[in-house]
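In the two complexes that follow, subunit A is the common piece, with subunit B as its partner first and subunit C second.
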Partner chain A sequence: MEVIGKSVIRKEAVDKVTGRANFTHDFHTLPMLSGKMVISPYGHAKIVSIDTMEAWQVPGVRTILAGDRFPLTGEAIRDRPPLAVDKVRYHGEPVALVVADTPVQAKKAADLIKVKYELLQVVNSPTQAFQKGAPLVHERLGEYKKEEDSLPVPGTNIATHIKIRKGNMEKGWADSVAVVEASLSFAPSDHVAMETRCATAEIMPDGNIIIMTSSQAPFMVKRLLSDYFGIDLGKIIVHTPLVGGAYGGKAPVQLEVLAYLASKAVGGKPVKIFNTREEDIITSPCHIGLDATVKLGVNRDGKIQAAEIRYLWDGGAYSDKAIDVTRSGAVDCTGPYNIENVSCDSYCMYTNHPYASPFRGFSHAELSFAIERTMDLLAQKINMDPLVLRYINAIMPGNTTPTRVLLNKSNVGNLRKCIEKVRELIHWDEGSVKEVSDRLIRVKGVSCSWKTSTIDIDAPSGVILTFNRDGTINLMSGVVEIGTGTKTILAQILAERLKMDVDNIHVKMEVDTQTTPEHWKTVASRGTFMAGRAVLKAAEDVLDQLKEVASCVLRAPKEDLEVAGSRVFLRDDPSIGLHFKDIGHGYKYPNGNSIGGQIIGRGSYILRHLTHLNPETGAGKPGPEWTVAAYGVEIEFDRRDYTYRLVKACTVVDIGKVMNEKAALGQVMGAMSMGLAFAGRETFYFDELGRVLNPQLRTYRPLRYGENPEYLVGFVETPQLDGPYGARGVGEHGLMGMPGALGNALSIAAGVSLNNLPLIPELIWKAKEAAK
Partner chain B sequence: MKTYTGTLNVNGESRMVTVRSADTLLYTLRRMLGLTGSKPGCLNGDCGACTVNVDGWPMKSCLMLAVEAVGKKVTTIEGLADTPIQKAFVEHFAFQCGYCTPGFIMNCHSLIEQHPDADDHTIKEWLESNICRCTSYFEIEQAVKSVLKKT
Partner chain C sequence: MLSFDFDYFRPETLNEAIDLFQFLDQQGKQPMFFSGGTELITLGRINLAYTEAVIDIKDIAECKIMQVSGDQVLLGSTLSLTKIEEANLFPLLTKTASEVADHTARGKITLGGNICARIFYREAVLPFLLADSQVLLIGPNGKKIVPINEIFQGQLGLEKGEFLVQVATENRFIRAPFFSVKRRQQWDTGYPLITIVALKVNQQIRVGISGLCPFPFRSKEVEGALNNIGQSAEARVAGAIAVLPQPILDDVEGSAEYRLFVLRNLFFDLLAALDRVQV
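Moving on, here comes the complex of A and B:
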């Protein structure tokens, strides 16, 4: 292959190193009003009164929204008022919105709004939410409009309950000689994209609504706004320029709704809402928390016979995308292991925490921590090498998933190969513990993961190709460039298929829902796969049109024509042919007669054979393929004060096909760092009122330069026959196994089972003390 | 509202601005001068996305008032062109989403100018003031070192 696999420089690279790459907040028109939210200082409280009198006195204030009952919003269940009414359900929830001429005026006025609250009992964890008699976050759960496959239980805090029932549990336990059970838990945390969320809205005199937003889902913004407010779809035009990091956090729709309501209240003038870091952390959706119990039984040969799992997801105050996360966690609940007998209950719980959105891995990093810690406990119990236990049970073609999808050589990667490669890369056979001094030891931990993408079963992706007069091609796709480099990879796919120079392909970075074909959402590591397939189809369309015109001009049948190097030519005599520039906009004969016209290629793709899940057993096909990966983490642990240093982190992922080597390495290394930070240091600290105590980057600390470990990355290439050139998704997988591998390494190092995140020295100390 | 009119020297050009005395340099660069390469990420100095160069030293422009910059030489990412560090960032894939990139490049650029022989310790000391959430730290390290080696 000529272009696939090469480290082609990103199409937007020069813009990004010169400060010319524009993100939503960089677009500024005059006039542009500023919206500023007033947010709840409590986790759960009745709103007694809102006094806006003083705020109205601030010069420049154009409107104040407070106390209005707008249509309820939300994706799977319509449970969220855009601005809180009657009560607030989480710390950070928007209660009022001030619109003023400048950000300073808006802030000044927002600070003068006096809201009187009456505190309510707080639901501070999903386990508490699950208990009988727990305070209700939503008293009217049964009255909300909802999607068909959301299964809330009115009168409780259960937003949805997904059941997996496969095989025969009694038999599974009977066949087991050893059983382990573990409870694992961690609180919500945050994505911390460096670009905080931002949205602008303007309503034109003809009723067109122009939105600009830093979103992974501009097409969903359009659909939801239309749905919520009864607006014609075609009247909503959503622009998304480059997005400054997303990691799932920009898949939900939130600020767009507020910006629209604000603009509507000021006669359609443009209004911008730009999150402060603090708002971005608590007001906008966060990374989900989890309380899990996992029970595994194993036979004499180390083969797992049964798995009983309960996941209580911390969906927070509103269910939004957490319902889908809960389902996704159920369908891959066991991790990448072949288990015949599985029972899983995955609950999305309402709590008084900031509400959850997808997070890179979409439930899989979280469930992997639970499963992989339990796997190590099992290995310990039966005295087996943890890597061998994983190897023996590794999922393979011929096995079925928890939702009973039969796996084959295409729809699942080769986990055993990944495990073997990790074994080599981390020198596992040298032993997992090495003494460095009387204080320090170096310890390795391992883990595995898998993932399918449980996206909407009718999720589409489209691509349009247009020719320029010089024979170059413009590529338009609804994929948002969130940093993954997908749009460059799409250009590589096109260049490979048309056998042309990738430099002659121009990629439109911005998405504009009026002219860009739809790509459902830029999530779930599905950009390369789905949009890639659409590119290939559009390429076929273009080839056909090029040959059509060339066939006429060259007086040769289409079958005799080849395309390469931006030319169409005769297969047996390449010197006879036409350059794209001569036919891309029609061909002009010497006498002036012309044929053809601008060549416009189109391609679209929709995932096939996906089904809804059976509500009683979970049976069904949730996603197209399973990407698998194996991991290792090496730490240097100080036995005296329980501090540790990340030495090495290793991921081997079956990527199907490496499309752009450096981009793929970057994705995997970045994901590993994020996973290590999630596992090792990131969490929301809540007080008894449900307040997040650390919504700032000095108290909520992502990894900084120099804190990253040495990275070891390996790729296995088992082609997914459906994928473009065999590619599988890779954006999330480096992250998913890090919490498990780090937890396993530290548990070995500390000599105590560590079942909570984040793995800070204090937590280790507490676990040591408790074990005394 | 009290305003102040003065001249800022930005990227080698004199620019007259009228600002509130409390306006930050970041806000002024972005809103008054249209220099949106400097990014707001936290507005309190934690993340470094707004880093510019003031009289040769990196400065988080959210921590400096516009009025404080009068009489100083301010360089923003827009003021750099074809520098070795920009090229190195491209070649080494030292960014993904690109939001933190201008701040990182300004910091690296100042580092290279102030400490052309910087060792690992110095590089870390300088660069740990910026956050890259896509976490291209390995690639950033390669990029910086490739330029340091040449100088």
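Moving on, here comes the complex of A and C:
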């Protein structure tokens, strides 16, 4: 292959490295009004009064929204008022919105709004939320409008409950000679995308609503605004320029709604809302937390016979995307192991925490921590090498998933190969513990993961190709460029298929929902797969049209024509042919007669054979394929201080086909870095009032350059037969196994089971003290 | 973004700065001496700092001084921490200052700004406390030179309208053996869980600590316990722990109990590093 697999430099690279790339906040139209939120300082409190008198005195104030009852919003359950009414349910919740001429005026006025609260009892964890008699976050849960497959339980804090029932648990336990059970837990945290979220809205006199937003889901913004407010879909036009990191946090729709309401309140004038870092951390949706219990039974040969799992997801104050995350966590609940007997209850719990959104890996990094720690406990209990335990239980073609999808050689990668490669890369056979000095030891931990993408069963992706008069091609796809380089990979796929130079393909970076064909959402590592398939189809369409015209001009049947190097030519005599520039806009004969016309290629793709899950057993086909990966982390641990240094981190992922080597390496290493930060440091610290005590980068700290380990990345290529050139998703997988592998390494090093995140030295000290 | 407006002044002499402060204060402008600006920007944007007049002292020659003069080293209050690191005139200070914030921020954060900071870690003061440095202050009543240990009690005891101009440190302290460790909640980024610095002078260990209490300190009692040569290391450390100032911080960086665990081990490391050193 000529283009696939090559490290083609990203199409947007030059703009980015020169600082010229524009993100949503960089676009200024004049006059642009500014919206500023007033946010709740408490986790759960009754709103007694909102005094806006003084705020109105600030010059430049156009309007103040507070106390109005707008339609309820939320994706899976309509449970969220755009601005809190009656009570606030999380620290950071928007309570009022000031619109003023300038950001400074808006902030001044917002600072002068006085809200009186009366504190309510706080639900401070999903476990507490699950207890009988816990205070209710939503008293009227039964009255909300909802999606059909959201299953809230009125009178409780359960926003949804997904059940997996596979095989026969009694038999599973009966066949087991050893059983382990563990409880694991971690609090919510943040995505910390470099670009904080930003949205603008303007309502034109003709009724068109123009939104610009840093979103992973511009088409969803359009659909939801239409749904929430009864607006014609065609009147909503959403623009999304380059997005400065998203990681799932920009899939939910929040600021767009506020910007729309703000614009509407000021006669349609354009209004911008731009999150401060603090707002981005607590007001906008965060990374979900989890309380898990996992019980595994194993037979004499080390084969797992039964898995009983309970996941209590910390959905926060509003269910929004957390319901999907809860479902996704259920369908892959066991991790990548072949287990015949599975019982899993995955609950999305309401709490008084910032509400959750997907996080890179969409529940899989979280559930992997729970499963992989328990796997190590199991290995310890039966005295088996933890890598061997994973190897012999690795899921394979012929096995079924927890939702009973039969796996084959295409829809699942080769986990055993991944494990073998990790074994080599981290020199596992040299042993997992090495003494460095009387205090220091080097310790390795391992883990595995898998993931299917539980996206909407009718999720579409479309591509349009047009020609420039010089024969170059413009590629338009609804994929948002969130920093993953997916649009460059689409250009590579097109170049490969048309056998042309990738530099002659121009990619439209911005998405405009009026003219760009829809791509469902840029999430779930589905960009390359779905849009790639659409590109291939559009390429076929273009090839057919090019040949049609050329066949006429060259007086040769279409079957005799080849396309390569931006030319259509005779297979047996390539010197006879036509350049794209001569036919892309129609062919003109010497006498002036013209034929053909502008060539426009179209291609679309929709995932096939996906089904809803059976509400009682979970049976169903939730996603198209399972990407698998294996991991190792090596640390240097100080046995006196319980401090440690990350030495090496390794990921081997079955990527199907490496499309762009450097881009793939970058994705995997970047994901590992995020995974280690999530595992090792990032968390929200809550007080008893449900307040996040560290909503700033001073105290909320992602991994800093220099703290990182050496990264080792390996790829296995088991093609997914219906993926473009066999490719599988790869954006998330580097992250998913890091918490488990780090937790396993540290548990071995410290000689105590570490079942919480983040794995800071104080946590290890506490575990050691408790074990004394 | 700061939502308040303020006047900006950039005097060139000490007296001008002092006069400006008094004048602006009389006008009710809540004036603020300013150099790197990091606190005004970061606290101002979340409404924890406010002023209507800023007096930027960066252009005042005395505040920029960095020289070895006779038997002492003079460091001006508006020197950035990166400048101090690069010149390395006081190795203990270099080591301690280089752990503050991050490199980008240290390009702005000044020596005086860190010592007089609202954010209470103020780690750059620790080496001066141990070295019995002298501070040059100026205020409405003119200049005064004061031992830092007299005027720094958790924070620099400045009177209204006063500011820090220079710190003078004798060479014999500058060359003394030292120990400086910053321990964080995790890895190499963030506020101190404990920052501990030590100097060995005349066979005696001097210790300064930040991050343990909501103020940095040097404690004679702690030093007394650690220097109790006749006793075992365990007894000396236990003695030091018993006489720590209060309260011990208990916050998102770490619990009070854990801080004491960390401190205890650091005391042992400190003794191991300095105890056998002969001067």
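We take it that the second predicted complex is superposed on the first by the 772 of 772 C-alpha atoms of A that agree within 3 Å, B and C clash if a C-alpha of one lies under 4 Å from a C-alpha of the other, contacts with A are read in each partner's own complex, and residues count from 1 in each chain.
Criterion: a residue touches a chain if its C-beta (ideal position, glycine included) is under 8 Å from a C-beta of that chain, and two chains touch if they have at least 3 such contacts.
Only a predicted model underlies this, so the values are computations on that prediction, with no experimental measurement involved.
Peer 1: Quick check on the superposed pair: does A:I760 touch subunit B, subunit C, both, or neither? Answer first, second, both or neither.
Peer 2: second
Peer 1: Does subunit B (first) or subunit C (second) touch A:H28, or do both, or does neither?
Peer 2: first
Peer 1: Please work out whether A:M674 is in contact with subunit B alone, subunit C alone, both, or neither, and reply first, second, both or neither.
Peer 2: The answer is first: A:M674 touches subunit B but not subunit C.
Peer 1: With the two structures laid over each other on chain A, which partner does A:V17 touch: subunit B (first), subunit C (second), both, or neither?
Peer 2: In the superposed model, A:V17 contacts subunit B only, not subunit C.
Peer 1: Decide which partner touches more residues of subunit A, taking subunit B and subunit C as the two options.
Peer 2: B
Peer 1: Is A:V104 in contact with subunit B, with subunit C, with both, or with neither (first, second, both, neither)?
Peer 2: Both: A:V104 reaches subunit B and subunit C.
Peer 1: A:R698 contacts which: subunit B (first), subunit C (second), both, neither?
Peer 2: A:R698: touches subunit B and subunit C.
Peer 1: Looking at A:P590 after the superposition, I want to know if it touches subunit B, subunit C, both of them or none. Which is it: first, second, both, neither?
Peer 2: After superposition on chain A, A:P590 lies in contact with neither partner.
Peer 1: For A:G230, is the partner it touches subunit B (first), subunit C (second), both, or none of the two (neither)?
Peer 2: In the superposition, A:G230 contacts neither subunit B nor subunit C.
Peer 1: Given the touch rule stated above, what does A:P557 touch, subunit B (first), subunit C (second), both, or neither?
Peer 2: In the superposition, A:P557 touches no partner, neither subunit B nor subunit C.
Peer 1: Across the two complexes, what residues of subunit A are contacted by subunit B and by subunit C?
Peer 2: Shared contact residues on subunit A: 104, 276, 698, 704, 706-707.
Peer 1: Please give the residue numbers of subunit C that touch subunit A in the complex, ascending.
Peer 2: Where subunit C meets subunit A, its residues are 1-4, 42, 45-47, 102, 183, 185-191, 251-255, 258, 261-262, 265.
Peer 1: Across the complex, what residues on subunit A touch subunit C?
Peer 2: The touching residues are 103-104, 107-108, 111, 276, 278, 640-641, 643, 645, 680-681, 685, 693-694, 698-699, 701, 704, 706-707, 758, 760-762, 765-766.
Peer 1: Once bound in the complex, which stretches of subunit B touch subunit A?
Peer 2: Going by the criterion above, the answer is residues 20, 22, 30-31, 34-44, 46-47, 49, 76-78, 80-81, 86, 89-91, 93, 95-102, 105, 124, 127-128, 130-141.
Peer 1: Could you list, by residue number, the parts of subunit A that touch subunit B in their complex?
Peer 2: Residue positions touching the partner: 7, 9-10, 12-23, 25-26, 28, 104, 191-196, 242-247, 274, 276-277, 482-485, 662-663, 665-667, 669-670, 673-674, 696-698, 702-708, 711.
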